[in-house]
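Listed next: structures, encoded as structure tokens.
Shared between the two complexes below is subunit A, which pairs with subunit B and subunit C, respectively.
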Partner chain A sequence: MTYDLVVVGGGPAGVAGALTAVRAGLRVALVDSGARLGGQYFRHCAVPGAVPGAVPGAVPGAVPGLGRFLRQARALGERADVLLRHQVWSAAREPDATLAVHGVTPSPEGERPVVLRTRRLLIATGAYDRPLPFPGWDLPGVLTAGGAQALLKGSGVVAGRRVVVSGTGPFLLPAACGLAGAGARVLGVYEAGGALGLARRPLLALDKAGEAARYAVDLARHRVPYRTRQAVVAAHGEREVEAVTVARLDKGWNIIATRVVECDTVAAGYGFVPQIELGTQLGCGTRHDVDGSQVLTVDTGQRTTVPGVWAAGEPTGVGGWRLSELEGRVAGLAVVADSRALHAGPATGTAPREGAARAVPGVLVRRRVRWRRFGEALQRAYPVKPGWQGWLRDDTLVCRCEEVPLARVREAQDLGATDARSIKLLARPGMGWCQGRVCGYALSCLAGEPPQPPRRPIAQPVTLGALSESGEASAGVTVDGTGGARADDPPSHPNPPTRRNS
Partner chain B sequence: MSDVIVVGAGVVGAACAYYAARAGLDVTVIDRGPVAGGTTGSGEGNVLVSDKEPGPELELAVLSNRLWRSLAQRYGGDGGFEFEAKGGLVVAETPEIQERLAGLAAKQDVEHTLVPAGSLRDYEPHLAGDLAGGVLYPQDAQVQPMLAAAALLRHAARSYGQGALRLRLGTAVTGITRSGGRATGVRTSKGDVRGGAVINAAGTWGGEVAALAGVDLPILPRRGFILVTEPLREPLIRHKVYTAAYVTNVASDSPELETSAVVEGTPAGTVLIGASRERVGFDRTTSVPVLARLAGQAVALFPTLRDVRAIRSYCGFRPYCPDHLPVIGPDPRMPGLYHACGHEGAGIGLAPATGHLLAQLIAGHRPDLDLSPFRPGRFSEEDQ
Partner chain C sequence: MTFPITVDGRSVPVVPGQTIGAALHAAGVRSWRSTRFGGRPRGLFCGIGVCFDCLVSVNGRAPERACLLEAAPGDEVTTS
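Entry: the complex of A and B
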């Protein structure tokens, strides 16, 4: 059977998009790699039945939007195929012009391939942390800010730890608050950017001030110092982190003075990298966002440059969960309009594009523009400055998977590698397990070029066994999350929920 | 003014530059991208004698194999490019195929050992149990192709004087300058470069460079995908292992998809899995059915790979000539213009011999091998 819409990603954008489409009677499947819906922002607290205040480590009310998200997720689970623990590794155009979304899911016999056929695809794959390397960042105990958030999932994991939070961007605040709330001793939040980042920009002051102020109060309550123009520039320890060097930085992030702070955990994050490889696999056009990230180009209906493919949330530009949810809804409405235009046939005289444009109410469009501007202003307020490259030593690993030190990167450049790709080919940074997700941004900075669109034909590792069976599946056998063929289901019949929370 | 201008900083261009510098010539290498940014950067690094039918290409391969070895030895054992004399093992699915393989090996006249079915696992302990035998070619080797190109350029500059080799990367060749019908250099995005001889080592894009000189060279892209697994803790696969179908596919003219299992480990611990061939132009779109077939064939050969994960794949475009032979030698239609391209899937293996023979020719010596089977004019001779 062929879905009307497959959504990849179960965060705010994906769930809103899927729900919008399913409510209009479309056959929808949503696929996510996690054990539950929520995405980076909501996952760790989106336990069914959880009340926001009871989330481990969360300060009361610190997870705005959670209640609303849980309601949406519940509604979606009742009406769409929600396939959790499914890793999507490829999205491809089939000869009959439909799209095939290839994934794998764990099963008792090993990894099982899953292929979803669909007329439309919504890419809502979110973003991952953007770390910067520094000496010692490969020591156990050094985490990304998002990774530290993930630790909060199991209560007690962080209790008693002495944590230093460092990096740039507003996300450091909830990360620090979450850690402090979970019982960790947060020794300081070191924001490499300038002191006036938020206040200087009226947009931010207008829209986000309330939230920022709440975090500030919370930090004060836990006696967590917040220092700007400072950052962790090195981590020290034998087997794991025992101390870090915190530096005072100038405007360009060059080191002015340093001191050593004893700690056992470092949470560092310098923004986010939108996850767009399913889009680039399909040939979707990309652009550079304000923060330099590659993002998918979309129109006002969240359509990418490839027919039948929509994108919403961080893959179209980092802007936070509110914007993501809004874009998910917009994409859902545009998908519905596209589907209706198809069913109405060409006789209506309305091009699908025009129809879809009208399908998105102006109020949503305007709100989206506002939130997008806000996201861009945030990116502008927290730029990464080139001085960080001076924190590295020759032996500092740039790529942790392949253990490539800075010296080897410089060697490759000396050998004639003039861009990040050829550095990778000569010195192997980005060739390992994470496929350059961790080191890609840093490497492109070192190569002196803006990040290029990702080339990841295999978006997630897949066993050769499952991969070999993906070919058969592609040839006509469609497998779904419940293990049974669904080809007999009449269209628009609400599918039984296949939510598989653990 | 250089004695030689090499267009293309892939492995063939690098070898041409290396041997020209070694012959005492001043060389400028020009590439629109970085070193090894084209097909070289998408290769497996095959240095094979086993997959060639008897004939001129095999002779070229044997010479090249010897040259790779001496290059590796000369520069620290692995040459700075992970030279590994691992040997190739061609396996047969049926007794008939095994017989054919044995027949080919006898004609090839290169070092080989017939391996009966019962002994296959002495060479490759994880091979499937249902194979009918194989042939081991100890001369087959592997290099890391990108490093090989970069290292050859580096060695040339270091060994024969920095002045002997200039590298101009990120510089696109936009024309061939000429005087009285003779090539006198190239026009680039960053100005003209004059030279006594111009070598077209632009690989799959060799036809485009030839067109700049107003000559026709029928080089077409033949796409191939490679799957790369996660790094394995213990090397599972010792040799380059491939099925007999590979030999047939290499020599085939079909534009349709053809796949055969080619499986090997690398010093980085990953396993590389090929090989597919299709003529689909320069389309980079990943084909899941092709990847699935490659995975299936590899698992059939090495069942233990079933639970190993593929973490990436890449594709490249082999420079394919209608008669499967590379184009090496002077272009009779434009004096001063030489070609060194069209090596299809064997460019890494054949690079040193190509560079060595061309350098001999340009320096005014008699080449060690007869280059006439590779002559650039051969495609248009019927018309003349």
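Entry: the complex of A and C
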């Protein structure tokens, strides 16, 4: 069976896209690795309110719009094939011009491969936290800000008792409010950026003042100090974090003065990295977003540069869940138009592209442009400044997986490695399990170059068994030995073999 | 409304739908693995399946990401 549309990602973007298409009568499958639809923003507990230690009356992680989202998710489940707990690791063009979407799903015997065939693909895979390394950032108790939020929203677990939130960007606010609201003592929100980031931009003041003000009130109510030009620059402890060094920073994020704050948990984040691997595998064009991230290039109908492949939400640039949802809807409408143009045949004389352009109401297109500009303005308001590199010591791990300290990165540079790729080959940062997702941004900063598009031949590490079982699927896997691919290493091995692909 | 799982023989309560990683973290077990070179302790970091820090062995199976895996009644978790 061939689907009209397969959507990868069940967050705001993916669900909006799938629902729009299925309502128009298309055969749709939506695939997500999670146990429930929701993605990051609408992540929710299986049993609402059944959380030990929850503040009475407060449902941890209950967010505006969740009720509506859940109704949409139910409607989708009735009309489309919703495959949860399915991880997609590759998408490839077949000889008959359809697309094959390869995934795995857990089973009692181990990972089971699943292949879906489709005429069209919508990439709605969201993003993940962009961390910066600092001494002690690999101590247990140091989490990403999104990780703390996911723990709370998805499992109702408060990340710690005495928590410090640090990093840059507007996302620190909901993360801190979530923790404080669920009973954690948030000792401070340390925003490395400047105080005027938001206020200086009238666009933001117009659009987001209300939301920012609500968070400010919330933080004040919980007596959480919000300090700009400050950041956690080191974490201390034996087996887990016991204290952090908080620094006052200058404009370039160089340390001016420090103090020690005792805490049991750190939630840190410096923006997000869009997940675009499925797009780059298929050859979709990419561009640098304002914050330096690589994102997929799309037109007003959310079409990528590869025919039959759409992208919506954070893979096309980070701008909040509302923008993701809007883009999902736009993509859905464009997909429907494309399918109708196909059925109408060439006799109508309408090129699919023209037909699709008309299918998306101008009001949506204009709203998308406005919200995207807003997202870009936010990214501009919270840039990462190079001074963070001075927080690292020689023995600070840059790559957590391969345990590569800064000294080895510098050594590789001394040996003549001038770009991130050559540093990887020499010192092996980014060659471990996470395939450089965690350290990729930091490494490109250390190499003094903008992040490059991912060269991962697999979007999710899968076991060798699942790969070989999916038969023809493995033909699409090429291990280039430079992109950090570990297709021949089982992902779930406690002591990954030291044998290398290269 | 919880069910128990065991972690190295010790009972840990789980609210239905919680991940193994969340249940361990909530019970104060914040690291369950050592790195292969430096022997450094590791637990949750990204919380969404990206970093692979949280690998854990459940019921003797090959290690899986604890932050993605929902706990099931009777699960036996072994840390290393």
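Assume the second predicted complex is superposed on the first by the 446 of 502 C-alpha atoms of A that agree within 3 Å, B and C clash if a C-alpha of one lies under 4 Å from a C-alpha of the other, contacts with A are read in each partner's own complex, and residues count from 1 in each chain.
In the analysis below, a residue touches a chain if its C-beta (ideal position, glycine included) is under 8 Å from a C-beta of that chain, and two chains touch if they have at least 3 such contacts.
Bear in mind the structure is a predicted one, so any value in this text is a computation, not a measurement.
Peer 1: Once the shared chain is lined up, is A:19 touching subunit B (first), subunit C (second), both, or neither of them?
Peer 2: neither
Peer 1: State whether A:278 touches subunit B only (first), subunit C only (second), both chains, or neither.
Peer 2: After superposing on A, A:278 lies clear of both subunit B and subunit C.
Peer 1: Tell me the contact category for A:415 with respect to subunit B and subunit C: first, second, both or neither.
Peer 2: In the superposed model, A:415 contacts subunit B only, not subunit C.
Peer 1: With both complexes superposed on chain A, which partner does A:110 reach: first (subunit B), second (subunit C), both or neither?
Peer 2: Both partners, subunit B and subunit C.
Peer 1: Looking at the overlay, does A:458 come into contact with subunit B only (first), subunit C only (second), both, or neither?
Peer 2: Once the two structures are laid over each other on A, A:458 reaches subunit B alone.
Peer 1: Between subunit B (first) and subunit C (second), which, if any, makes contact with A:102: first, second, both or neither?
Peer 2: first
Peer 1: Quick one: is A:431 in contact with subunit B, with subunit C, with both, or with neither? Answer first, second, both or neither.
Peer 2: First partner only, subunit B.
Peer 1: Once the shared chain is lined up, is A:88 touching subunit B (first), subunit C (second), both, or neither of them?
Peer 2: neither
Peer 1: Would you please give the residues of subunit A that touch subunit B in one complex and also touch subunit C in the other complex?
Peer 2: Shared contact residues on subunit A: 110, 432-433, 461, 463.
Peer 1: So in the complex, the part of subunit C that touches subunit A is made up of which residues?
Peer 2: The touching residues are 1-2, 13, 15-19, 21-23, 25-26, 30-31, 33, 35-38, 40-53, 55, 57, 61-65, 67-70, 80.
Peer 1: Can you list the residues on subunit A that touch subunit B in the complex?
Peer 2: By the definition above, subunit A touches subunit B via 90, 92-93, 100, 102, 110-111, 281, 283, 402, 412, 415-419, 421-422, 425-426, 428, 431-433, 435, 455-458, 461-465, 467-472, 474-475.
Peer 1: Quick one: which bits of subunit A touch subunit C in the complex? Just the residue numbers, please.
Peer 2: Within the complex, subunit A touches subunit C at residues 33-35, 40, 45-47, 50-52, 106, 110, 128-129, 138-144, 146-151, 154-159, 239-240, 400-401, 403, 432-434, 437-438, 461, 463, 490-496.
Peer 1: Going by the contact rule at the top, pick out the subunit B residues touching subunit A in the complex.
Peer 2: Residues in contact with subunit A: 9, 33-37, 41, 146-147, 150-151, 153-154, 167, 169-170, 227-231, 268, 273, 285-289, 291-293, 295-296, 298-299, 305-315.
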